[in-house]
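Written below as structure tokens is the structure these notes are about.
To keep things simple, chains are lettered A, B, C and D as they appear, and every chain counts its residues starting from 1.
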Amino acid sequence: MTFSVAVSGASGYAGGEILRLLAAHPDVEIRTVTAHSNAGQPLIDHQPHLRSLGHLTLQDTTPDVLAGHDVVFLALPHGQSAQYTEQLTSTPLVIDAGADHRLRSKASWDAFYGGEFPEPWAYGVPELIVGEGRKQRESLVGARRIAAPGCNASTVALSLAPGIAAGVIDADDIVSVLAVGPSGAGKSLKTNLLASETLGSANPYAVGGSHRHIPEIQQALTDAGAPVPPRISFTPVLVPMARGILATSTAPIAEGVSDAQIRDAWESAYADEPFVHLLPEGRFPRTADVLGANTALLGLAIDRAANRVVVVAAVDNLVKGTAGAAIQSMNIALGLAETTGLSVNGVAP
Amino acid sequence: MTFSVAVSGASGYAGGEILRLLAAHPDVEIRTVTAHSNAGQPLIDHQPHLRSLGHLTLQDTTPDVLAGHDVVFLALPHGQSAQYTEQLTSTPLVIDAGADHRLRSKASWDAFYGGEFPEPWAYGVPELIVGEGRKQRESLVGARRIAAPGCNASTVALSLAPGIAAGVIDADDIVSVLAVGPSGAGKSLKTNLLASETLGSANPYAVGGSHRHIPEIQQALTDAGAPVPPRISFTPVLVPMARGILATSTAPIAEGVSDAQIRDAWESAYADEPFVHLLPEGRFPRTADVLGANTALLGLAIDRAANRVVVVAAVDNLVKGTAGAAIQSMNIALGLAETTGLSVNGVAP
Amino acid sequence: MTFSVAVSGASGYAGGEILRLLAAHPDVEIRTVTAHSNAGQPLIDHQPHLRSLGHLTLQDTTPDVLAGHDVVFLALPHGQSAQYTEQLTSTPLVIDAGADHRLRSKASWDAFYGGEFPEPWAYGVPELIVGEGRKQRESLVGARRIAAPGCNASTVALSLAPGIAAGVIDADDIVSVLAVGPSGAGKSLKTNLLASETLGSANPYAVGGSHRHIPEIQQALTDAGAPVPPRISFTPVLVPMARGILATSTAPIAEGVSDAQIRDAWESAYADEPFVHLLPEGRFPRTADVLGANTALLGLAIDRAANRVVVVAAVDNLVKGTAGAAIQSMNIALGLAETTGLSVNGVAP
Amino acid sequence: MTFSVAVSGASGYAGGEILRLLAAHPDVEIRTVTAHSNAGQPLIDHQPHLRSLGHLTLQDTTPDVLAGHDVVFLALPHGQSAQYTEQLTSTPLVIDAGADHRLRSKASWDAFYGGEFPEPWAYGVPELIVGEGRKQRESLVGARRIAAPGCNASTVALSLAPGIAAGVIDADDIVSVLAVGPSGAGKSLKTNLLASETLGSANPYAVGGSHRHIPEIQQALTDAGAPVPPRISFTPVLVPMARGILATSTAPIAEGVSDAQIRDAWESAYADEPFVHLLPEGRFPRTADVLGANTALLGLAIDRAANRVVVVAAVDNLVKGTAGAAIQSMNIALGLAETTGLSVNGVAP
């Protein structure tokens, strides 16, 4: 069976990546692509790398245009999804790449986003531990509404959830610093996203606890079993690479645990995962190794002198961080093989 | 008076940067430049950007060649300085850009470097607090032997020393993650330093407590008055910019201190410093802003939710991190105006 | 049928890319990977992005190890292929990614390479015009020995061959200037390939007619029907991107031809090609649009004021320039669908 | 004597670079900085690298604010200068970094710019040959109105003028291809200037003869003595470096000239120039070597096989290409030493 698909926000970076992956997916037909100001133009004018989709024209993003597909992907600025989803009641599967449906806590929503609190949906990070012996994957089987994760949030959550779940690290003093590429900020005309501002420079932003992915991380780590409300110091740093997240996350070592217990927490959590890999001891990942791939690579160090576990994670923000997570979740929801249409190998160098 | 100068390691990155700055210094004459395998060749073949030094030829690095100058700069791989300095007894001022003479603790030396323990010299970071009302600057006045700092180490030490000295942060659970350019690793032919490996990628190294700048930071923070032995989780990440360090350092907020007390610690420490600037509240620095400059820019956030102070520091690893620190220290040692020949403005964009 | 494959030079960039593409190819089994100094080590230690090939170990590159496969790929430094191919007489298909078997002119070989002149093989650029109504593709059907092209050479040849064949441009005064990424130079430990030397800089090399791809271009354009020996001014410029070639090639407009005739030459040449696309008038390609793809994108301008046709071509040097060309040629030689295992869509941004 | 200076467009890239250089100039006082939408804000909010100018506030760009200074720099979008200059009649020296006053041909202006044709001013490239034994410098002595050059235009003009003047190359079939950084396009919010679009990619623009610097080059080469109207194929390619131009320019070798004659044309033209250097035979420049410097580095190859001279030139578009040229010209106009406040050494790596 071939599933018909519509992608909104198709002229942006997240929408473009969803389309790139769908174009290589054997079980879908990309029937409709939509945009706002660019409606009426050929898709390829805005996504010139999507050579196989040269026949598609951007349509207006309206509920009518999006209706009638098996799957609808929303890749819109946050706050814009609800107006469409309310009218897509008969659409079997809607996947939102925006932030609207990720948080279950209205208080967190109010503190970091504001406006009307949208309904929380199934969270599109299948590998996340959500209680003993259980993973987020379960909630995605047969799901009809899925929220793809924030790229930074899922990277940090995947980095630390195994240690939290196993009780080998403390959740109350996490520090994460991320080197991130500018594509995560979208195709936005802002001065700080200009090439001249980014080339040859490392630029921090949202320093000091204001980044919107913080409550998303806290929610995921609470789901993983954190016995206390997780506290996290979170600092993203824009660096001169178009894609990629290199997240360095550290947390205090829980009292009395051995190195073997620590390492085993991550090994056992991800041993059978197709897309989340723990590297051998002493090895750490590079973002180039996951470029274009749906893979999260983790490296683990135990620093007894600092009394901290250090997890370094590499993710392609547009793939495993967004579009790949969306399609992996779609595969699960539709009953397809979870890895269909997704590459585990990166494009390097 | 004009001081005669010799620079060894003149074909490398640190040596080249020392020469670039000296070429713009009104009180010195660059008389001698030396190298190892490149001896006999024109300097400009190896430093084609140093157009004003086209007349200089690289000589062999020997004590005889280096002797007879007012100032000798050593920009050699660590472990190689001692063989020269022992024979430069009559040289008024020797400044080592290598690691040999930075540490005062033989135990730290043995743990991180090994080999014979060299004599510790005055530490070339004038702005560092070393006890109440005192700064490292004092030890440099009239100094005859100066150790220029490690670039990562001085960046983190400058970031945190004011808070340690004022007792507003705790030294026992510091986390620093640094985005760094590859020039800090020198002109070394290693696979991981190839352009193809670095472009478009963020690559961590020395993860988990093995980086050699850790004891140097601990020494500086102890000097600043840390009541307990400082503990630091330290992770450098290579990012695709030739120069620059963007260090994100966090430490727990000390109990009972107010936001005003915290901010005041840094403000009062650096208010009169020509080269270390605290940015206004809510502002954070970018490495491009200090490119080519001897400036360290700091941004400070107080994250009460995470219970951590976050200091983001931007430094040009080759200037304030190495060559600029060396020349600023030279100025102090020779009784020149401290800012002579050094730019406070960066080259951006 | 599944074809068994061996790849030599598997720890290098070209070898790695051949493996990345083969890993996604449905009709091959990667049975053997070999290297020189790295023999005995896991492949993934040298190609950490090839997650699906974690089970492979690098073996020594010897004729014995390479023998017994249906297809052998050689990704070796030039001059090293002959020693193996002489002993692989019973191997059905050998594809050399090196330069050894590309040139048919011993004089050109002597002038640009030197040493023993190896036998010329079928040239792995299927889309190249080789006389009226014929393309290089024909020579690859059933071929047993194939020379993959030089990345710069095939890019320029594809750019100009249609105009030469149609007689709408003159071959005697071509100028090509190429912005190229450093991966084309291989994983070589040379100072000029260091990240610090490349980041933030554009660096020319082989200026003035010494680049080894010049005779390869001349040969291809002669095959395309150049009535005079092609003359080409060829300048490659290293720019800070890991992959990619952006070739700007210009040639004088032939006397008396119309704009429509010019444009038609390229349009008709590539209208049915799956991997070589002429963009609409006024559009020009970017290297990001072909990253990871086997696509060559061409943009064509007719500058009557300068009396020159300008063709801008974007190619991923490691894919369409090397590994993709090799596998596309393999597909043809083995009677598979030509596009098998190759993506037409790039990874952007 | 200290000259009072006003800089308009002070929040942009050209304005910022003029200020960076003026801040290191011993004979000027930066009294006034102006902008449009950013008026009223601290300069340092928009130019955070200009640490020494923290006391300056952006004023509105009006003739009144600009009046009363010894020197006024205009760094405005083209077409906006005239409205101010008409009212600055009593200002001793006005230097325009825009395009308004560069062209002497109304026909060229109409073809490439359009709108009212502004008065041509003295052209701020002192080293350009303008007839036998004469250089542009002469026209700048005591000048009251100066047009700083287009960065690409002056780079190509300096590359070829000596050969044109000496009659060793032909002007009727020039080909120039330039790798350029995005800062030349200014701090403009355009999609193609976003970091995500530029990082890891080479992007051509203005292909086929539409770039506005073409008539400026033609004018300069005609001044240099071209016996025929110069014809030039000109293609700029945006590459991922914030600054820099690497221009590869080729022209046919004139009949009957020797290699020595060719080389001598450039050597004699620039032998005594402080800021334009011809590299030794076989050497070619890199943009990193001139970063932040007012230096143009040229490398020359004579390709007899292609019958072309190849000149590769490296320039920092914001310095020698714009702000440095402006200040060098100011020095000449004011009777100061021409090199005052300008560095010949680049910041590398």
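One rule holds for everything that comes next: a contact is a pair of C-beta atoms (placed from the backbone, for glycine too) under 8 Å apart; a residue touches a chain by one contact, two chains touch by 3 or more.
Protein names from UniProt, one per chain: A, B, C, D = N-acetyl-gamma-glutamyl-phosphate reductase.
Because the structure is a prediction, the values reported are computed rather than measured.
The chains that touch chain B as well as chain D are A, C.
A count of C-beta contacts for the chain pairs A-D and C-D puts C-D on top. Centre-to-centre separation of chain C and chain D, using mean CA positions: 38 Å. In terms of their C-alpha centroids, the spacing between chain A and chain D amounts to 45 Å. Within chain D, contacts with two or more other chains are made by residues 13, 183, 196-197, 199-201, 240-243, 285-286, 288-289, 291, 348-349.
Listing the residues of chain B that touch chain D in their complex gives 13, 16, 20, 23-24, 47-53, 183, 199-200, 242-243, 277, 283, 285-286, 288-293, 295, 297, 343-349.
Chain contact summary for the complex, chain B toward chain A: residues 173, 175, 177, 179, 196-197, 199-205, 207-209, 231-235, 237, 239-244, 246, 248, 250, 252, 284-289, 291, 299, 301-308, 310, 312, 314, 348-349.
Residues of chain A touching chain D in their complex: 13, 181-183, 187, 189-191, 193-201, 240-242.
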